[in-house]
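See below for the structure under consideration.
Read from first to last, the chains carry the letters A, B, C, D and E; within each, the first residue is number 1.
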Amino acid sequence: QTTVTIATVNNGDMVVMQRLSSRFEQQNPNIRLRWVVLEENVLRQRVTTDIATRAGQFDILTIGNYEVPIWAKQGWLAAFDNLPAGYDAEDILPTVRTGISHEGKLYALPFYAESAMTYYRTDLLQRAGISMPERPTYAQIREIAEKITDKNNQVYGLCLRGKPGWGENMGFVTPLVTAFGGQWFDSQWRTKIDTPEWRRAIAWYSDALRQFGPPGATSNGFNENLALYAGGRCGIWVDATVAAGLLFDPKQSQVADRVGFAPMPTGDFAGGPTWLWSWNLAIPATSKQQEAARAFATWATSKEYIQLVAQENGWVAVPPGTRRSTYDNPEYQKAAPFASFVLRAITEANPTASTREPRPYTGAQFVGIPEFQGIGTQVGQTIASTLTGTGVEQALRGAQSATERAMRQAGYPK
Amino acid sequence: MSTTVAPPLGALPGQADAPERRRPVAFFLLSPSVAVLLLWMAVPLALTLWFSFQRYNLLDPTVGGFAGLDNYEFLVTDPDFWAALANTLVLVGSVLAITVVGGTLLAVLFDREFPGRNIARLLAVAPFFVMPTVAALVWKNLMMHPSYGVLGSVARGLGLEPVDWFADYPMASVIVIVAWQWLPFALLILLTAIQSLDSEQKEAARMDGAGPVAQFFFITLPHLGRAISVVVMIETIFLLTVFAEIFVTTSGGPGNATTNLAFLIYARALLQFDVGGGSAGGVVAIVLANVVAFFLVRTIARRLEV
Amino acid sequence: MATLTLRNVRKSFGGFEAIKGIDLDVADREFVVFVGPSGCGKSTLLRMIAGLEEITDGELAIDGKRVNETGPADRGLAMVFQSYALYPHMTVRQNMGFALRMAGVPRAERDRKVAEAARILQLETYLDRRPKELSGGQRQRVAIGRAIVRNPKVFLFDEPLSNLDAALRGQMRVELTKLHEDLNATMVYVTHDQVEAMTLADKIVVLQAGRVEQVGSPLELYHHPANLFVAGFIGSPRMNLLPATVAEANGAGLALELEPGGPRITVPSQGGAAAAGQQVTLGIRPEALRPAADGPLYGEVRLVERLGGLTLLHVALAGGKAVVVQIEGSDPTRAHQPVRLAADGAACHVFDAGGRALPAPERHPLAA
Amino acid sequence: MATLTLRNVRKSFGGFEAIKGIDLDVADREFVVFVGPSGCGKSTLLRMIAGLEEITDGELAIDGKRVNETGPADRGLAMVFQSYALYPHMTVRQNMGFALRMAGVPRAERDRKVAEAARILQLETYLDRRPKELSGGQRQRVAIGRAIVRNPKVFLFDEPLSNLDAALRGQMRVELTKLHEDLNATMVYVTHDQVEAMTLADKIVVLQAGRVEQVGSPLELYHHPANLFVAGFIGSPRMNLLPATVAEANGAGLALELEPGGPRITVPSQGGAAAAGQQVTLGIRPEALRPAADGPLYGEVRLVERLGGLTLLHVALAGGKAVVVQIEGSDPTRAHQPVRLAADGAACHVFDAGGRALPAPERHPLAA
Amino acid sequence: MRETAAQRAVVTILGWGVALLLFFPILWMFLTSFKAEVAAVAVPPQVLFEPTLESYAEVQARAEYLRFALNSIVVSLGGTLLGLAFAVPAAYSMAFHPTERTRGTLLWMLSTKMLPPVGVLVPIYLLFRTLGALDTRTGLVVIYALMNLPILVWMLFTFFKEVPKEILEAGRMDGARTGGEFWHLLLPLTLPGIASTGLLSLILCWNEAFWSLNLTSSEAAPLTAFIASFSSPQGLFFAKLSAASTMAVAPILVFGWLSQRQLVRGLTFGAVK
């Protein structure tokens, strides 16, 4: 009997996985699963400490496509080669696969994946007598938000991530800046934050969110905004595609029948990298239960698992964004009106595309270097402070110098 | 670990000037605690010191080697560092002020006889038993949340715009939460102390013409001196290292508005995984702790007649 | 000028009546001592006078003015507590000046009054110390000083010396007497120490169970106790109390027999106070007994206590009762020696079966 | 059989020498009392005997066997503390039985011994109470009981009665004397109360500043104090000490003048003890003074303390000195009255300029 | 003088007002835990609602509450007992056999408590990894014992100081050696103090959230880890959060209430008096 310890995040899809994992244990009576379910920040900190000190407490880690290549490069993760034929690795969407591969080898299996898009409330726009353009720009988003804001009834035109964190507000701000033509670093790793592009982007962000956003925006991350939107408090929300499944699920959303969607808004610079995020199951190289861990990881990311979730919770609730077969499934298409939209967003997502100026790093809503966790979070704090009255210029100057310091400390350019 | 308060080398038998037969026993009894504490402090401290002079990032094992004073330089030139120091002092100072003043007033109140006093007292001390994480979560989500929180509803009920606490008054919000948890502790201790006040002293003051207010300031308050010292000392110990409340609510922000030293070190060590920088922060915190220990504990210890 | 008048004063704690109706007049400049066994209500009575305890019923007047409803600070009294109740965080100066400060007396005057009190009490050199840096006697003096500075009409003391050791107590007793003379103030003093009561009081009030047993000057109580309780309570060593039978009663006095047919002791008494055959109690003060070869009492010395200037013989009488004999000087009697004792009949007391003293034919000259 | 021998015993606390070399023999069954002013080293000496304080130098022997290095429990002593030091969490029975329990005495025997001690001390009915449910006197008895059950060779007492009130102290004093007789044990007793010392001791040791001033029976010390210190210390009220000049010295005695040319007091003295013109101190016990119309001393009564059986007159002499006069019974003298006093010359003491007593021609009959 | 009825009413209202105000967040958490998620976010907040246990069911389905609770109990108790085992002798020796260094030692011990634990997390983590103590109750027990040791020693020291020296000397005269003195005299005499020290330690251990989160994963994870899996929202989560919080807090709260008298009784002995 082997015991597999799984560290995972307390997101809804993972919670479902935990619940359904008893099936796996029935099928594999000699494997016992032990769950460590933690909030995202705590999880990341725990898992990173553990793997970096090679303490080997976990057999399966739930990590993002930000960590996978970095950790794989350090040799901390076990590669997934020789996957069973039934697993059909080819079915995994290629962009997702690329994101979690290093030197051609897969180092994690994707549990779900997402890009970003714009959600809006069809009823509100209708009442205001406007409609959402096919490919909205940030300027248009702002105009619409203004028209549908009704603070007296606690309806706020625009919800965006405001909670500081590299995976929270910076997840939105980084693509926003890209769309305004900015970037984090130039090809010599010089910090490019205190620039007109950033200034315009942040000015838009802070101005729009302060005027039309809900109160307490600095506490709102993805989950908080989801709750707000599902509760009917948001007019427009730009965020991850994964929310679609939840927003269209009447069990979890009060506005399931009034959700409209559009692509991520654009700015003056079209093109550039696009948002791609996946939560993946990876196995640390130090794990002593490689085989059992592998068995579970493949099970939880398999087509069968998706079928199982569909059976249990309905198709709209299956983990999205990973397998073409899901999107090919007519039942899924029927349950999820956004399916093809999302599929296109993900398959077209290109985190490695260039910003307006060339850049030495990859990632659309993050910078694919280990230091980004710290830098992103620190800059995120500064950006958040613009929502509470700090001037944009001042904030960016602070962010610029802090980032320069951190990069110098970390020894860039390498 | 203390650099200013000399660690004891132990009272070795024969070394003290009155060699008593029982000394060895005393030494034998004390040494385990001193030894484990020394170990507990010394081993990590040695490692921390060592790391603080290393380039050591958990996420990047490729860089390494001796860093000299780089980590320290990096720390003290960080504007956040000084802000964190200031925030630490503000947090500790404000919570101490609130809990001591509030605790004293509440102690006086709960010293009076009124119907259901015992139950009311139980309710009042309850927050002390709540774990900091839960306290922070409850305040953040159920109390101070601008949309769903009770405070927001109250504000709306009064026709006011709900306050976005963690954005507009981040430090004050953290202070409220921490003070909420420690106020009952102060109340518990001070109430105990107030009840030990000799009733003849109060009567003497009455004979001397002191009204209730004068009695409070001239008799009760000085009597509480010792207990207040205890409260200040114990609370300082815990407040210097407040972490969970900040982590759960503001994560040190917005900007660096609520980053205290503990959180700054956390950010270095566990967000950036910069063990070298974090360790340098740890060493600074150790020095700071000793400065505080020196000034605060010494003055207090005198009053406690240690 | 300060007189105290208590009229049918009562105090109940819930259902329990601690003070059961007391009438008392304290004259100006009088030194009145309350004595009585523990729990008899001495402190309660004093605290009612002080205003620290509400008066359940009856009237308390100071200088003829009813003060039942006046607060403690406004009655013009000062109190010295058994525990001294000094303010531990204040210096001697601050302790003594506190009442004046509360009364809004300007600093200069306050200092003057404190200095004056300190001079009287010889506390000048300790003015800047805190209570815990003082000896017991000094603390006691500070407590008194705190009372003095207020220049009160009446001083109240609740067992102020009971925390001091014997020698210091003796010394403080003398100082209190002097103080009373110097200050010319009315004083009410609670104690359960007879020596204090005897030496300090102009008038002793003996309390028992919330009632007054007897009021009178010390020697009046000593020489003419109204009843057994007072007789036993006043005087140290205690009065010897022996059950006896009246063998013969005539105009000249009573002849008492301790045992039927035993030796007789003749006590002068007012005619008709008792009849032959009546059961009485004979009270003889230790100093009224003396060894005498022809004495009527016979017994064995059990214990000799030689105090130097005094000798106390503890004698077990033949009938089984024990008596104490006080002899001046160093007496040669040794323990286990048989002894005969004679009593000074004129100094004997006789109590009837109800414990009431039979009237003595003459008053003691000092017990006016 | 239990004797104690101290040979040149010393104790230093750091640099401070608390006991400066003491030689003392305590005979079997003797009741020895240490007296002396506060801080003179009484407790320290007792605690050294007990083994609670290490002996810096010198030798302590019990029954002739050196015990300097023996632990307190193994010296066969028992100690009664001033604060009683009862174990508050144990019943009286457990308190008394604790030492036996520590010694591994079986339960039945323990119970027997405790019952026996309780009987002696009349504590039978309190055996299952805890100390805080007892009165002061009862606690004191338990503390003694705890000592008794161990059947020690020597009992040590450190001011065991100082926390009791006067009446109880008197009573316990008597009980201790009886106990000493009943148990036939050696006892060492510390007090600073002269009455206790006088009444309890077979032998009093007067200590001052870590040294022995005089050792002797109570009446020896009372009637023949070796020096001014002992004279002033022993006896209550204190001996009156007056500076005087030898006006005339002859075989019959000394004629002393309190003031040059003033009245003379004649004191019998051994010839040649002092020469005319020498400065001396005259010591007169309060009971050796008496009012007398033709007395040589003249003064004004300042204060009269009437204790009932005794009267104390505080008299300010013309020369400015104050004396206390003890009179038996209730004396009619009143304060502020002028008075002449006579002294019983044979009971007077004379001390030379160095404070040493001049030898008396005859010993007092009781001070063997 | 006797307080008037008006004064009494004011005191009563103030006393209860303050008590309810302080208790309100806990009460609200408790009430919310019985609401449906939608009712939990209703605006204005609902005071009357139909209670449901669904949040509790959901929480229990996601995490075995009992396992976490058991760990909390074991680790808090263990840490407290181990801490006392070290602290009692140390405090004894400091209180009854003081040397010139006693004061310094005590202050030094207290100062060790002022360091942010995060400063030494990595070294400790490495140490624990090497010793194989990660995710073991034993490891956590040791950490907790050490963590609270300074406070325990200090509190016990103040309690021991209150024991009259004569009682111990009497014990020595009666033949008690160090062990007997300790066991038969000191321990029973200071039991209230030791108990309240232990209670305080228990509460601090139970609520400790840094070491428990970082040094355990599943086997030894106490309730603080349990909370960490409910502390960020996933859709509507207020009721679930409240339920989980209530479950995490309830045992120690009830325990604290029950032992409050004891806590206070002990405190009156030494430190505070």
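The rule is short, and it goes like this: a residue touches a chain if its C-beta (ideal position, glycine included) is under 8 Å from a C-beta of that chain, and two chains touch if they have at least 3 such contacts.
Predicted model only: the values in this text are computed from it and were never measured.
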Those chains which touch subunit E and also touch subunit C: B, D
Most contacted chain pair (by C-beta pair count): B-E
Chain centre separation (subunit A, subunit E; CA means) in Å: 39
Geometric centre distance via CA averages, subunit D-subunit A, whole Å: 93
Euclidean distance of C-alpha centroids - subunit A vs subunit B, Å: 37
Of all residues in subunit A, the ones touching two or more other chains: 41, 45, 49, 53, 154
Subunit B residues counted as touching two or more neighbouring chains: 20, 58, 147, 270
Subunit C residues counted as touching two or more neighbouring chains: 71
Subunit B contact footprint on subunit A (complex, rising order): 41, 45, 48-49, 52-53, 70, 74, 154, 163-165, 214-219, 228, 233, 370-371, 373-375, 377-378, 380-382, 384-385, 387-388, 390, 395, 398, 402, 405-406, 409-411
Residues on subunit B engaged by subunit A in the complex (per definition of touch): 57-61, 63, 70, 74, 77-80, 140, 145-147, 152, 161-162, 164-168, 170, 247, 249, 251-257, 267-268, 270-274, 277
Subunit B - residues contacting subunit C, complex: 198, 200-201, 203-210, 214, 218-219, 222-223, 225
Contact footprint of subunit C on subunit D as seen in their complex: 162, 165-167, 169-170, 173-174, 177-178, 192-195, 198-199, 218-219, 222-223, 234-237, 285-287, 303, 305-310, 314, 326, 328-330, 332, 364-366
Subunit B-facing residues of subunit C, complex: 47, 50-52, 71-74, 77-79, 81-83, 85-90, 98-99, 102-103, 146, 150
